[in-house]
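So, here's a batch of structures to check.
In the two complexes below, subunit A is the common chain; its partner is subunit B in one and subunit C in the other.
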Partner chain A sequence: MAKGEEKTLGIDADKPGKAILLMGVEAIARGALEAGVGVATAYPGTPSSELIDRLSKVAKKFNMYVEWSINEKVALEIAGAASISGVRAITAMKQNGLSVALDFLSGLAYTGINKGLVLMVGDDAGALSSSNEQDSRHIARMLDLPLLEPATYQEAKDMAKWAFELSEKFSTVCILRGTTRILHGRGNVTLGELPEAKPEAVFDTSRSYAPDITFVTKIHANLHKSLTKISRVYDASPFNEYAGPENPELLVITSGTGWLYSSEAVKVLSAQKRVGILKLGTTWPLPNKLVAGYLMGAEKVLVVEEVDAFLENNIKERAADLRAGRTWTFFGKATGHIASFGEINPDKVINAISRILGRKYRARTSAYEKMRNDIAGSLLIPRELQFCAGCPHRATFWSIKDALRLDGRGGVVAGDIGCYSMAQGATGYSQTKTCHAMGSGVGVASGLGKLKQFGFRQPVLTVCGDSTFFHASIPALINSVHNESDFILLLLDNSGTAMTGFQPHPGIDRNAIGDSAPRVDAEKLCKALDIPVTIVDPYDVKQTRDEFLNILQGGNGPKVVICKRECALIRATREGALFKVKVNPDKCLGEKCGCNRYCTRVFGCPGIRWDRDTKKAEIDEAVCNGCGVCVHVCPRSAIDREARP
Partner chain B sequence: MELTACKELETKVIQENLCTFCGACTGMCPYFVAYKGRIVVRDTCTISQGRCHNFCPRLSVDFNGVHKAIFGTSYRWDGMGNVLEVYIARSSDKAIRSKGQYGGVVTALMSFAMKEGFIDSAVLTCSGNDRLPEGALATTKKEILLRAGSSYIAAPTIGAFNSAAQSGNKGKMGVVGTPCQVLALANMRAAPSDMQDNVKKLGLTIGLFCTWALSSEEFIRFLEKKVPLSDIKKVDIPPPPANVFEIYTASGRISVPLDEIRRFIRPACTYCTDMTAEFADISVGAAEGIEGWNTILVRSEKGAELLRKAKRKKVLEIDTMPAQNLEHLKEASLLKKKRGLKNIIQKTGNADDLLYLKADTKTVKEFLNG
Partner chain C sequence: MNLEKKDPISLIITGVGGQGNILISRLIGQALVDEGYSITIGETYGASQRGGSVASHVRISKKTAYSPLTPEGCADIILGLEPLESLRILTLFGNESSFVITNTRPIHTMAVVIGDAEYPRLETIKDGIAKLSQKAWYIDASKIALDMGIPLLTNIIMTGALVGAGLLPIDKDRFKDRFRMNFKKEQLALNVKAFEMGIAEVGAVH
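Take a look at the complex of A and B:
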């Protein structure tokens, strides 16, 4: 029984001293619980979404308020309100989300906070699930906010807890930054105490959180003074540590994932006697004294970090400020020893260190690389980024493509952020032509729809998911009504924030902790703006295409078509497939059809595969989610579907 | 780099304004779709030499090869193509005459061919969605009668033949078509045998005389402004010198000067050299100056047999064609052929490059100079 019990231990386990396996984000959630956090908010975004997901499950137990907010700015505002009313709060976002929250964050930096307020930002190094790989640490420097970067899972938990104290002590938001491998990797975390006391909320009206406009520069000056003090605190922080000889031949300064990779590299190269590693967990402001001390003991310095040369440039600046009458040779992103983009890994650090030390060691030989690629090529099916089997977006983009080809005026589709961002590729028939930020599809379409006076004659469409609609599309939509722009918004309503894991949003009738919640009706909202609204079922490809064509060829002004169909995965998980789909081998003419493998090559649902032996199509039952759309796609009507009970 | 068939049709025919909207590339695969007067390439096909490629009457037609495949002889540059017999005729049935164009010969012949077992169904052109003409399959005399009359608007009728053939329509089909549509069917008949599955079901081709056809979408919008579309009973372009487009409604006749109409002529018709549907079994048009009668050109043995039976069973009233009429018809055909060739040469800028028309250019030059 004891063993079974261990398996089920989660972030809420009241077992101080016990080590459990936690994901980095979970460790941060645990750290927040140990800090007595009262409010947690976020808009989902990889790799940050699990924070709220995990906290929402223990919210009732810890009397927490946890919400999925409409967007990152609002999430930070909710958390900010808690903090200034005496309740510790945490908010989480990905790097793109930080840009959304930035406006409020810069305000908050000047007004200060009350109880600890931690902003966890997940940076998607390598842009595995993002449209950019911007390095959020610059924001901390730009806004004079303290920054922490955990290097291990234990540190993620401990640092999160400490971040609240630091935030509170200096009355400022503390940014806790992790990259994907820290946040999504797992490691053992030794649990600490969970606090007994519950926070009590009250807004102390004797204090103001509105910056006095006449004193803004003075506030700014105070922020800088505060940073000097924080730097002193950092000098003594246990999150910074050094391992290596007193005067190393090469000093590696690193943060986050870079520390484990550097440690492994030094070990692999057996260079412990030549190389010292200074791991910094507190990266803005720099722990000035600490860094100066180690710099003075070295001549060659390599900085290892993900993504930008943030630490590297700050350290060079620090070195210049030392006026030590000596020079250092710095290695890192500027010298090309560490790539200034993408994720790093132990191999890259091994190569960098062996180059600097004049060692011939290569992490992997080119022969090995070739062998690896050959084997992978023979075993793995080449697959591009694509919509899941049965995805309503595929059906919608199929109809968009058909409608625009038939219309023949070179219609343009402005894209947006969500699963449907993939529509710029083959899976969405390369239909979307722009993709920038949450909600920007409507803004860009609204702009395209105002270019008639310059001879613009192409019809304009844009798409946004239901979650993206609420997140940031509405102001642009209102703008388009007032300024009489001409475009069609296709609201791809799949009933959830599908891309990040089906989180609810204001259009869903339940909240973060699973309780029922009022649903905001997008259709009513649009109608209240006097925008004509049509609702279609994307699975009915013919009706959807005809409706698109009708509206394309109809009158002016912004129009909304709600393409309503629940995400195939949500449905399939809950109640199974809609249809049982089968290819009738007597009707499918295979290679002889003249359709040139229309179902698999053009429609491209992964639920259909081409049998190399029979040279005909067949349904892959393990993959098919039973949407039944392919029945309308086959030119020979060779695909049958049967409603499931 | 080799172009795919799909891309070749798109770049060399559609984008070059050579597409006649005959529909020959549609109804066989999901890639080509006829929509409001345009052939739309819906998706990208990777086949380099498909049926679409072989059937299109504006990508490549080997006049000699096609003529040999159909009539067994070489193509002669004499204006009207292979002609066995020439008549004027009209349907003996008054009801057909009133619904059909001029003497209602096409309608009468098609229903007779079906009755006599020459064919089991007929592919005709009818008014579809939004009054835009489209191909339709008729399996009864009543359905044929319903689709009587010309619209002068280009229609993708051959697509209806293709899809009927492919969807397992039983028996032989007769097709009534304009010269470009008949040429597409001829291309099918001359295609490699592995592409002949559909055309094997072709039992009879009746060609219509055609000077040009109108662009559907634009012309309908124009027509709509003249008269409510639902009021139109019939339209007609009487032979010269009338020079009008006539719209018949319940309340009477509206005449529109042809010059107002000409701007709606499909650009592709400029490059057409065939007025009398030279590859049909029987070609039918108006009989100049003889109201209520048609001209008939019998081209094939099958056509001759059908006409003999129709005469014997008194389905048609048949008469000899006045010599002057035949002379005029020849002149008009020659005129269109020469004009078409000149326009082609003007487009290519090279008398040895006749676009889709694959023929011995020496013969063509002699013909043009003769």
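Take a look at the complex of A and C:
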């Protein structure tokens, strides 16, 4: 091939034995392809979204059905339907999404499945992009489902492939849990064979997937028998491995990222002769025999894992069950050697091991430490998350702030999950006061709107994005119509699931694989519920504010305002800035103006900065996305905009 | 000057969400996998797309896979798309032998924009970087990208600077051939030009 024609190899490369660089979640997508997966579904959520992003691009090539589903429960239902009809299926979600899918998952755990069904869950340890850091592994234990945790990128692929076989063998959903540093990390992955076989879908009507209520407890008992068998399979699994001396002074038991961190920590401390590491890839049920064997060879045990003390508690339980007539000293989250919140990292493991071994470790000289502490203390300012330059949400919350101030009755805004969750902070003028779950803004607003009999007099607003609207807002909206609640829903329609990378949803006229698709019209849907609907352009801040104010002071019942403006990043990437924006230095009076830096201090768009030398505002060309909204903000009209050709 | 004998080599690419540091880590990582290295990359993104601090940890070894996060004080090279972020990463992961290659164009934080904090003077940041590193290269990559008409090319210019500095076990010409595979035909010429401008910059400021 000529230069420039060859392409970087991706998850679809038919090159068995070739090592390529893959993200953990891409490696899982590849493992699913190697397992001959037929159906893949998900609702996007960091760090799980790339599974469908990547599979959707190769769906046609592999004759797969890939969809972005309306929410995680429906995604699992679609995948479940494929499995019980003889087609291997995978679904992906983040930890919050698993809560949404839980109702169906608990049903599926009892009815069983047919062909391999893998549920990949991305746990955002450290809550880098989440409202909580709940540990999904408890769900595997709660529902008696087998659980796997990859520790490397290669293992992510190999485990995903094996998860389908395990699922099929025991007729149960297999949970594959990755954390951010695995799913969003990258590493070498040696590719395997891609299968030739094409799945055929038939629902065998001689089988039933509806549990007979008389036998529910028997099914439950069978699940426990199944777990005992799975534990035996796990005892022989190559995903569990040990490195270190036969009777180590300290036994580290770890899963997921903890393995690479522990291995590095032992190397950094040159403690290879004192410390052994047992890495478990199969974490529920525990590989009982295997764990017992290593426990019997050690007295001190440190457990290293992401988020909760799941493995730690299960291992302690296992040790108690051994009735070995001896005791162990366990270290981990319970003793504070490994923090029980936040993400783990190599330093936390280095500190834990050096404390236990009574060994001092310093990464740098004390002179360097002092210098870096001085410099960090005097110069480093934090970098908070904020709306991007030109974000329509900034303009919308600007108008909400103004409208509520003019209305003067102490209006409350219930928030929701999406980029606009940041509106609780300075970037959204601290306007939203609640934020719990996808779609719960409408539910909470609907509840606030029913408190008049208790003296509640404040107007109620709520916001949700276009994707969140479909995901889980609709039942609460219908509830509010039927129960006659008073509130205003501002539907922040920026034409995609912006937070996770602009995935389509039912309101978009294309589907996951990029084909055109019927669009569900949110406006028509609301009108069909007899809800009055108004549409505004948030970039027109005056019209938007006046419309908000008008509706705030209008009649009873739920109302919807669709704030329609495409995400500034999508637009800027596609066609560049709408406007060329400039501060006119002759009109800007700078520090001498009575505005007290209104454009930067109050409006707070990162595209505008205060030049401390000229003491005037200026546009940061490297950041500005050219929305032109700031033109309306400057009290002296010193900001000019010129339409781009 | 290179780190050929060092194993692992730990490179951290840092900047502000949206500047494109993930593309750099992917380009560098792919090239090194092709050269037979074992690569692990830990990335931060998600909410960080919205203007937060971001970092990609690239761990490079001939022997084994290393952690997706670098232990404190163990970074060999810090490539920064934003000067304050370069300093931030240096204070956490740097040591006396660290090399720094940084863009000099500040991106103001939210607190600076609204007037609650002051962004340090560039000279003060440079002074801090000089004290905490073995050697540093300062490149006004955002200005070069703006002059080319596309601010988003900043990351490609900095990729050129990283490869051009010659610290990594990467052959410039082989990397360039590999680099070309990642771009569509219509974007190729501009990206190659930006890459070469970056190489020229480290030569110019050596």
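Note that the second predicted complex is superposed on the first by the 617 of 645 C-alpha atoms of A that agree within 3 Å, B and C clash if a C-alpha of one lies under 4 Å from a C-alpha of the other, contacts with A are read in each partner's own complex, and residues count from 1 in each chain.
Definition applied: a residue touches a chain if its C-beta (ideal position, glycine included) is under 8 Å from a C-beta of that chain, and two chains touch if they have at least 3 such contacts.
These figures come from a predicted structure and were not determined experimentally.
Undergrad: Is A:C595 touching anything from subunit B or subunit C once the two structures are fitted on A? First, second, both or neither.
TA: So A:C595 only meets subunit B here.
Undergrad: Going by the contact rule stated at the top, is it subunit B or subunit C that touches a larger number of residues on subunit A?
TA: Looking at subunit B versus subunit C, the one contacting more residues of subunit A is C.
Undergrad: Report for A:G408: first if it touches subunit B alone, second if subunit C alone, otherwise both or neither.
TA: So A:G408 only meets subunit B here.
Undergrad: Once the structures are superposed on A, label A:M371 by its partner contacts, choosing first (subunit B), second (subunit C), both or neither.
TA: Second partner only.
Undergrad: Per the contact definition in the header, classify A:A363: touching subunit B only (first), subunit C only (second), both, or neither.
TA: Only subunit C is touched by A:A363; subunit B is not.
Undergrad: Contacts for A:G38 in the overlay, against subunit B (first) and subunit C (second): which applies, first, second, both or neither?
TA: Touch status of A:G38: no partner.
Undergrad: Answer with first, second, both or neither: which of subunit B and subunit C does A:D124 touch in the superposed model?
TA: second
Undergrad: Between subunit B (first) and subunit C (second), which does A:G428 come into contact with in this model arrangement: first, second, both, or neither?
TA: So A:G428 meets neither subunit B nor subunit C here.
Undergrad: Determine where on subunit A the residues touched by subunit B overlap those touched by subunit C, and list them.
TA: 601-602
Undergrad: Mind listing the subunit B positions that touch subunit A in their complex?
TA: Going through subunit B, the ones touching subunit A are 28-31, 33, 35-36, 38, 40-47, 50-51.
Undergrad: Under the definition above, what is the set of subunit A residues touching subunit B in their complex?
TA: 401-402, 405-406, 408, 429, 593-596, 598, 601-602, 633, 635
Undergrad: Would you tell me which residues of subunit C are touching subunit A in their complex?
TA: 16-18, 25-26, 29-30, 33, 38-48, 50-53, 65-74, 84-85, 87-88, 90-91, 94-96, 105, 107-115, 117-120, 124-125, 128, 131-132, 142, 145-146, 151, 154, 177, 180-182, 185, 188
Undergrad: Please give the residue numbers of subunit A that touch subunit C in the complex, ascending.
TA: Per the touch definition, subunit A meets subunit C at residues 3-4, 6-8, 19-21, 46-47, 124, 128-130, 152-153, 180-182, 184-188, 257, 260-261, 263-265, 268, 345-347, 350, 363-365, 368, 371-372, 375-376, 379-388, 419, 422, 426-427, 499-500, 569, 597, 600-602, 604-606, 608-610, 612, 620-623.
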